[in-house]
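In order of appearance the chains are A, B, C, D, E and F, and numbering begins at 1 in each one.
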Amino acid sequence: MKGLDPFVLKDLLKVYLKEDLGHGDITTCHLPGKESTVTAVIKAKDHGVLAGLPAVSGVFSLLDPGVKIEALADEGSAMVDGTEIARVTGPALAVLRGERTALNILQRLSGIATITREMVDLIALTHTRLVDTRKTTPGLRLLEKYAVTVGGACNHRMGLYDCAMIKDNHIKVAGSIQAAIKAVKNAIPFTARIEVEVTNLKELEEALQAGADMVLLDNMDLATLEQAVGQAREKALTEASGNITPQNILAVAKTGVDYISSGSIIHHAVWLDMNMKIL
Amino acid sequence: MKGLDPFVLKDLLKVYLKEDLGHGDITTCHLPGKESTVTAVIKAKDHGVLAGLPAVSGVFSLLDPGVKIEALADEGSAMVDGTEIARVTGPALAVLRGERTALNILQRLSGIATITREMVDLIALTHTRLVDTRKTTPGLRLLEKYAVTVGGACNHRMGLYDCAMIKDNHIKVAGSIQAAIKAVKNAIPFTARIEVEVTNLKELEEALQAGADMVLLDNMDLATLEQAVGQAREKALTEASGNITPQNILAVAKTGVDYISSGSIIHHAVWLDMNMKIL
Amino acid sequence: MKGLDPFVLKDLLKVYLKEDLGHGDITTCHLPGKESTVTAVIKAKDHGVLAGLPAVSGVFSLLDPGVKIEALADEGSAMVDGTEIARVTGPALAVLRGERTALNILQRLSGIATITREMVDLIALTHTRLVDTRKTTPGLRLLEKYAVTVGGACNHRMGLYDCAMIKDNHIKVAGSIQAAIKAVKNAIPFTARIEVEVTNLKELEEALQAGADMVLLDNMDLATLEQAVGQAREKALTEASGNITPQNILAVAKTGVDYISSGSIIHHAVWLDMNMKIL
Amino acid sequence: MKGLDPFVLKDLLKVYLKEDLGHGDITTCHLPGKESTVTAVIKAKDHGVLAGLPAVSGVFSLLDPGVKIEALADEGSAMVDGTEIARVTGPALAVLRGERTALNILQRLSGIATITREMVDLIALTHTRLVDTRKTTPGLRLLEKYAVTVGGACNHRMGLYDCAMIKDNHIKVAGSIQAAIKAVKNAIPFTARIEVEVTNLKELEEALQAGADMVLLDNMDLATLEQAVGQAREKALTEASGNITPQNILAVAKTGVDYISSGSIIHHAVWLDMNMKIL
Amino acid sequence: MKGLDPFVLKDLLKVYLKEDLGHGDITTCHLPGKESTVTAVIKAKDHGVLAGLPAVSGVFSLLDPGVKIEALADEGSAMVDGTEIARVTGPALAVLRGERTALNILQRLSGIATITREMVDLIALTHTRLVDTRKTTPGLRLLEKYAVTVGGACNHRMGLYDCAMIKDNHIKVAGSIQAAIKAVKNAIPFTARIEVEVTNLKELEEALQAGADMVLLDNMDLATLEQAVGQAREKALTEASGNITPQNILAVAKTGVDYISSGSIIHHAVWLDMNMKIL
Amino acid sequence: MKGLDPFVLKDLLKVYLKEDLGHGDITTCHLPGKESTVTAVIKAKDHGVLAGLPAVSGVFSLLDPGVKIEALADEGSAMVDGTEIARVTGPALAVLRGERTALNILQRLSGIATITREMVDLIALTHTRLVDTRKTTPGLRLLEKYAVTVGGACNHRMGLYDCAMIKDNHIKVAGSIQAAIKAVKNAIPFTARIEVEVTNLKELEEALQAGADMVLLDNMDLATLEQAVGQAREKALTEASGNITPQNILAVAKTGVDYISSGSIIHHAVWLDMNMKIL
């Protein structure tokens, strides 16, 4: 189950199943043989990184606790075209009704894990870690962020509630970086960190003096970035963002920045091809 | 509001907002100036097709009915880098808390509409229509399918409940195409159509004789496809599927098939770049 | 489970149980002996058609997965006063708390199946099928429509979402039958049919030319109806509606119409008498 | 709004609307003219008692707070064929989408109020009051019981939670009337009454001595009933039940019993005919 | 399970667990050894009355049906510092995630049962019973009122829905005690009692004559209270309220009043100290 | 609205209202004059700190958006017996139905803010801040923790999801402090801090070396505590816990610890007395 909370996962999966089932599966519920026990195998049809196995178990168990799921590959492992992922055995009624929802999650999550792993590998020899953002598909954030960790990257905050983040629009409203930090820092749980987005070294200095725990160094050129990282050392964690690509990520990491954030590992990920066939 | 039901949309948007807000936005809720009225502009940073405006209104209205949204571009219109999409005016508290959710929907939907439009344009001079599939992001299906229509394509069924579809796995369970069709056709609402997936002309004949309303001609080569289309004429609607690309879509359409389905207009769509800036 | 989706059924049954239980059954939860295992038998006290068994299982299983339900009669079978329907064995706590909800569903559904079967039998030798409408009890539609199928009739659309239907009020808003059909047909999933309500042969012709898949021939006299059926042949499915009674249903069917819709098989059905007694 | 709690009503109406709307009204949401303002009139097509007006307002307001509802008849008033009930003015989008749900409630509730009023009138000159039971349509109980009050009768308990009731099955589990009453009486809120079902004078005596607040005199002949009423006087409220009909209700009332309960005013009520026409 | 309805309890516990878990327990879900089976013991660290055992079972079962709970003390029994309450055996993942929610309920409920028992004991030799009020912690009422019964007192009404209560503010709105009683009594379920708050003997007389079933004698001195109790004898149940303390409760009971209500047994209860240790 | 997210608050208040309203307020909904406009004043009957005003507005607005709330005292201000807190003007139907829920929140939250303020004042001259714990009333945590901030203290983590915390039971499962920290630190969002509970200086050293961001110094005597604070300086934030009382809090603060956590400011808080009277 890795880091996914099974209680929370179950509630999400119910929402996804309801979206597909509506008032019921009008094909399968009338199908001859629906009560028979069948075995199906889920296979990859492309190469990539597997993510989403706990959701596969979860989907079929919700439809029928008697369905047995046997994992044939490890979460986070590399797949090629033809890799067998899981064997699902149970009443056809449950296997057929859960197929699409299970695959949709698995394909989406594996797509994210795959692109994430590619980026992570590029900076593997540095101390810098790749992180995601809140640019996620509405309704699927928890699973998408889980896939990012399967791919080897780290999560940024999960939402607006678990970390304070002062961005350009907030600063405009508050009047100044300092005013924003002071008010927010004083009010949030002491356990929560506060991050501030800055675009130049002057803003960085203001953020550091006001007590930012983390600084988001937005769209800086490499030279400025390196200077910023030095300036923030021992004062705040540093995060670089802005059009990170496979071409530039290593250079960014070499500035010594602690974290590099990329929205595109989620919002530019495409599905990994898979299918499920009843034997 | 185009074809989106506003009552249904509102409930979905609540789910998306809750995902981001959790127990509350700990930055904005403590920000100096949060009660002040601000105006923000949403802009495209890339070219593509705009989709999702009703969700933008919906998100901000849920947070504060007093927020005013002024559309600056039409749903479905072409955008370039810099196109102003909408002006949002209201209390900073609502504008800042809704920003990410509104953008996430808008960027995802516009990405889908963009890729869909490109495909649709390729077959614009044929009678064939492009349709989507049930390969959608769990939790976002209704909006993703809406984006497909904004892009000019047509929806396939919305879920397992509004159209019967007998695919390879169903046939294996039922024992035969005929057995499956007969039982399902007899049991579903007479208003619902029944589609059958076939992979060769023999299966097609069996499906037609058993009374399929639609046939999904799966992964056929062009010659077989053309023959199948002829065989099904006046008997059933025809749909071609299987690795449809910009390269082959026109050739497929020229077989005379009624519909071409593509999962990739949704699962291979990436986000269109946008941002929102408070003036 | 016949055609009812068990995942969907479970959610509905929870709603019905909560309606009756509120903050808890204050009688049974304090009753001496509530932990003891009891066996109860559900019996018919009148003749009719049995419908609702899956709900009986569902209700008691929700209250306690350990309750065993043994069906003593088949779903859809004929009952007389005294017919034993099911034996329920389990902790008194669950048996007593579920009794009323299980019976309420069973009695209501059996009442619908009974009146439906009577109507269906009257046209059994014709090709015409009896169908229901959306005039159902708010909150119970899925189960009421299921009972209609148990009675031998067919379902019309399940709601406003799974089939387009253009009725008099829609035509008034749209301006013309043609305008309405054209816009709606173009926008809905291609898998969904579109039905148009017409009251005379001129409107019928307009609907057929605009591409209606089905026509609802509303309140036509028999001669007109027969003419309409001929006019629509091979162009659209035909449905007759309007004050269908046991007295006139056969005559209507003899016009050759495909479907006859009746709201009264649901909204004029009354409960079949039953009870449950602990042995 | 009479006795219906508007906050509670709103939540119920949402459930009913969702049942009909599903993922959206695919006809109306694509209809030309859907944004135009229309006026519709709801009319009775049969005689009876009007019940359900608050739900009509509620349904349309949920769809669009801008819809204006003008009642043309009073809740509880007598209607004949042609009586205008309400005028609904607002965007066609809301008027068309709410029509069926509003009518379904109105027709069902008016049907109940009508049959209830007929029964109530028969015992109007006695001190006895007619009451309902828990034999209600799953999902619609609150509104059905409301309709009973509009018809002039009184409600029995609303569910298993607001009054204790010891019936034959409970007694079998507890071992004796006395054991059941003692345990339950001691445990429930002191504000709640406890009713016991008895079938003869001996059981009645046992119930009275054990402190029953109310006694349900089940299926007694008139002579026994009269004796039972005398025996219970000043000790417990009395309720007669069992196959109450228009033919025997006055005779039952003349025994002096305090309440006569009838399930059939709900489960044998049929819909009152009505329609809604856009002007 | 005593008087708590297990179906209702389960739904409440889900709410409490979700409050604590949010998007998941980020400590335990990543912990080495989380799949191992552990045994933990819940112990009291102070003396008092145990209440809440069904919730302990419920919490852990929701997280993992395989967790085994062995009660080591009886619900309602006296505890001292060191008393072992329950042994919990199961996967560390479930045991650690449920710990705080289970303890929070147990400590709060035991705190209430403890203070309630102390008050109940003071009037044990009188016929008067102690009852609670609607002054309960929002969200936890059902369990808090359950704890009151474990402590030996009786519940007043559970909410605004299961008993009518006319208080000073209601009388001001209605114009008079008589007008309020008459309208409410006529409209509510006949199974529900009606209580009226009075502050002097004149109001009491008015309430009794208008048919109050219960009278709340608010803040009367002992002499007046005694007179009021006599005046109400055989006409209505009597309840005394207003600053009941351990010092004055016996004197109040000796006036012969039927019930004494105290909000403070809930809103002035503090938690009983407990902990849970993995062995 | 201070730091409470209004969107989140609204959902919570709905839950609390439903708990009290059930199927509806059977007193007020039948009360003569319920449609009339009334004005009520909420007053303190004891001295303390006011907390909960946003909830008062929220409750009445949910029942009727037309209700006007005028605050007569400031959130967080000191009250004495007689202080007028708010004036509520609107339909009696809404004012009477919301009274108890609004007061229950206000009294509970003000009770917490009052005891919190007393503790905060004792260490006002030190740099140490008082914080709460997760020992909160199930269902009310968000509002209780809000009250703590109104009282001048700071929140600890909101739940199991927004900060990692390794306590004695976690360490037992993981095998060692180091193993637990390493695994958890690596997996959680990098924005989240990790706190470790230690009971002596050896464990402290292990936690610091493994990279704990915060250390919970549990139940240490003052001398050890002071040593621990020194040892952790510049390495981790320090938090002292364990039987903090008004008597010892200043001494604990003087050790230089950053935070002192106290569960009792919530679980030993009792309600502040208040009432609402219609003028």
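The rule we apply is simple: a contact is a pair of C-beta atoms (placed from the backbone, for glycine too) under 8 Å apart; a residue touches a chain by one contact, two chains touch by 3 or more.
Source: prediction; values computed, not measured.
Common neighbours of chain B and chain D under the contact rule above are A, C, E, F.
In a homomeric contact, the two copies may use the same or different surfaces; for chain B and chain F, under half of the interface residue numbers are shared, pointing to different surfaces.
The chain pair from D-E, B-D or A-B that repeats the E-F interface, sharing more than half of its contact pairs by residue number, is A-B. Computed from the mean C-alpha positions, the centre of chain A lies at a distance of 31 Å from the centre of chain F.
Note: centroid distance chain A to chain E, computed from Cα atoms, is 44 Å.
Here the spacing of chain C and chain D, counted between their Cα centres, is 22 Å. Contact of a single residue of chain B with at least two other chains is seen at positions 3, 21-26, 30, 97, 142, 158-159, 161-163, 187-189, 192. Taken pairwise by the contact criterion, the protein chains are fully connected, each one touching every other.
By the touch rule above, chain D contacts chain C in their complex via residues 12, 15-16, 19-28, 30-34, 36, 38, 40, 92, 95-97, 99-101, 103-105, 107-108, 134-143, 158-166, 168-170, 172-175, 179-180, 183-184, 186-189, 192, 263-264, 267-271, 276-278.
Those residues of chain B that touch chain D in the shared complex are 1-8, 11, 142, 158-159. Across the interface of their complex, chain A is touched by residues 22-23 of chain D.
Those residues of chain A that touch chain F in the shared complex are 3, 129, 131, 149, 154-158, 161-163, 187-193, 195, 214, 237, 259. Those residues of chain E lying in contact with chain A across their complex are 17-18, 21-26, 29-30, 62-63, 93, 97.
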